[in-house]
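Mind looking over this structure? Questions follow.
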């Protein structure tokens, strides 16, 4: 879905191309339980919710402003299978139904704890991470190597043409790492 | 969907990341009539068919080997709303139901004729092109500029980590231009 | 040389990585006659002048503000083998010593005329173009194909880490096409 | 300098664009002492030697085949200010004149030891690293962060057009990280 369909505020939003590739890697089933950790504006949560009509999406977000935006976007798209959980993961994950699909857009510095919690008793779990800093990339790669996990790591770089007078000029967007653990 | 799910043969196949972004740009509705021109292995046709349960996909492909692969992939995924049309576009397009969504993966050198045919009497039509040569990019950009069309042009470059011993090394894939006309 | 060494004003400047690759493709000899067409701030002219101690660089620039900056940068680096030519190419090229190396950073829409003039009676000439719009890329590729010229075409994309708190985040720069005709 | 000018054998060679950017970041002075650690075919050593006519380049390489290639390339270009040191760094660095410029193309897994040795008593030292694996990137970024070093980190991705019949198709090369410590 196009970025401009979402209500955004000042919270950073996953770009449409990154969202498309990430959700394609996530491969949710119609009845999947999906966690969206660091849900931001909820753009991934909303698209995921539409992909799991008989499933449920849990959107975890620390910032109150983010939780408010997720609620607004869910309402805008008439989403009924989305639960917003405010607070800091992994604490907020406890006691909820186990997921079979997890998208992690941000971890607030808690990546190993969150991954530990998710991986402890979940076979068949698929996790997709979006990573934009070299330090988080390091953390993810070290985690994968230390536990000898199967993972696909890609770097995605999009440039988008901008019209300058009668010319199209390519504007580079920031590269992002998309990591799939399965 | 992952590339390895498809039967491939020797026909070049759109990579999963490019397919995900292209279909996301195409935004098919559940009842859309979708054309897949230069359908190759049918990977886009199959994914599109799953996205339009009440619609229909027409896969246009010149090569008999390609048509055979599309049929095999459609059968593998139990697709029932996909029609394979053998031969050279735009001739093969005539007489079929008008599409509201068109994906063009290849034009066999006939891009302007195909676009002319598609755009002549279709309001509300959305077209997504995948372009890998500078000459086809040239043709598409010139076409867009001459007719003053609204278009989004992006360049997408994916690098994928390959495991070399205990190291992950990023391998660059070929960049592709994804052009959306609407 | 680092970008911050140059006086810049409001004129767009070739970035250091692009300058390094472009000058490496240009392969000037110590006694080369180098043209820098669309010289902007003169950053390429200055670096080229340092590479041709027994040669001469001609910096062609339309904008008076650009010519002034080139003069300032030449003075800053103590360059003595650099001639600034104000006005619009290809007219301004006439009557000057024939070059063996030409860098083209901008053509003011006159690319075919400039290339025609340069290529008419120059064997052994090497030309490097920097191109940032799809329309100029088209013009260059069409020119190369129509005249069946030998050319190398690369796309260069640089991302640079920016420090955000204690994290390094990669920022995508705009991709550029570097075309070498020889 | 173009890649095809060098004798290569089976040793991986830094590509010309990466070499150009790396040497531009290294900014050697005419009298610099340059170390090239993990010198491979010697392409960086040779270009650096030409840039420091009153200086000296030390090429450190573990593989005998590499040392032989460096010698051949030095001879081919008539280089006289290049010393080849066989063996494993940092041991091989000891007792040699202190460098003011160091290029590191490979560390054989010894990056922190090599950096520790180089940085212990060298003010004004500039180091440029080329890194292609995520694990080495991790090591470099961690090293920089732990010691609070000033560093520039870029990712460079080149695509090169290949002629397929009468079409130019961009082929993606592998991305590389170029890290400058100063």
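The first chain written gets the first letter, and so on, giving A, B, C and D; residue counts start at 1 in each chain.
Rule of thumb we're sticking to: a contact is a pair of C-beta atoms (placed from the backbone, for glycine too) under 8 Å apart; a residue touches a chain by one contact, two chains touch by 3 or more.
Just so it is clear, the model here is predicted, and its values are computed rather than measured.
Colleague: Among A-D, B-D or C-D, find the interface that matches A-B: by residue number, over half of the contact pairs should be common to both.
Modeller: Answer for A-B: the repeating interface is C-D.
Colleague: Between B-C and C-D, which chain pair is linked by the larger number of C-beta contacts?
Modeller: Pair with more contacting C-beta pairs, B-C versus C-D: C-D.
Colleague: Quick one: report the Å distance separating subunit A from subunit C, using the average Cα coordinate of each chain.
Modeller: Here the centre of subunit C sits 42 Å away from the centre of subunit A.
Colleague: Find the geometric centre of each of subunit B and subunit C from their Cα atoms only, then give the gap between the two centres in Å, rounded to an integer.
Modeller: 38
Colleague: Could you state the distance in Å from the CA-based centre of subunit C to that of subunit D?
Modeller: Each chain's C-alpha centroid was found; their separation is 26 Å.
Colleague: Scan subunit C for residues touching two or more other chains and write them down.
Modeller: Expected reply: 134-135, 141, 145, 153, 155, 157, 159, 161, 166, 168, 170, 175.
Colleague: Could you list, by residue number, the parts of subunit B that touch subunit C in their complex?
Modeller: The contact residues of subunit B facing subunit C are 134-135, 137-138, 141-142, 145, 153, 155, 157, 175.
Colleague: Can you name the residues of subunit A that touch subunit B in the complex?
Modeller: Against subunit B, the touching part of subunit A is residues 1-2, 16-17, 19-21, 23-24, 27, 141, 145, 152-161, 166, 168, 170.
Colleague: Within the complex, which stretch of subunit D touches subunit B?
Modeller: 132-136, 157, 159, 161, 164, 166-175
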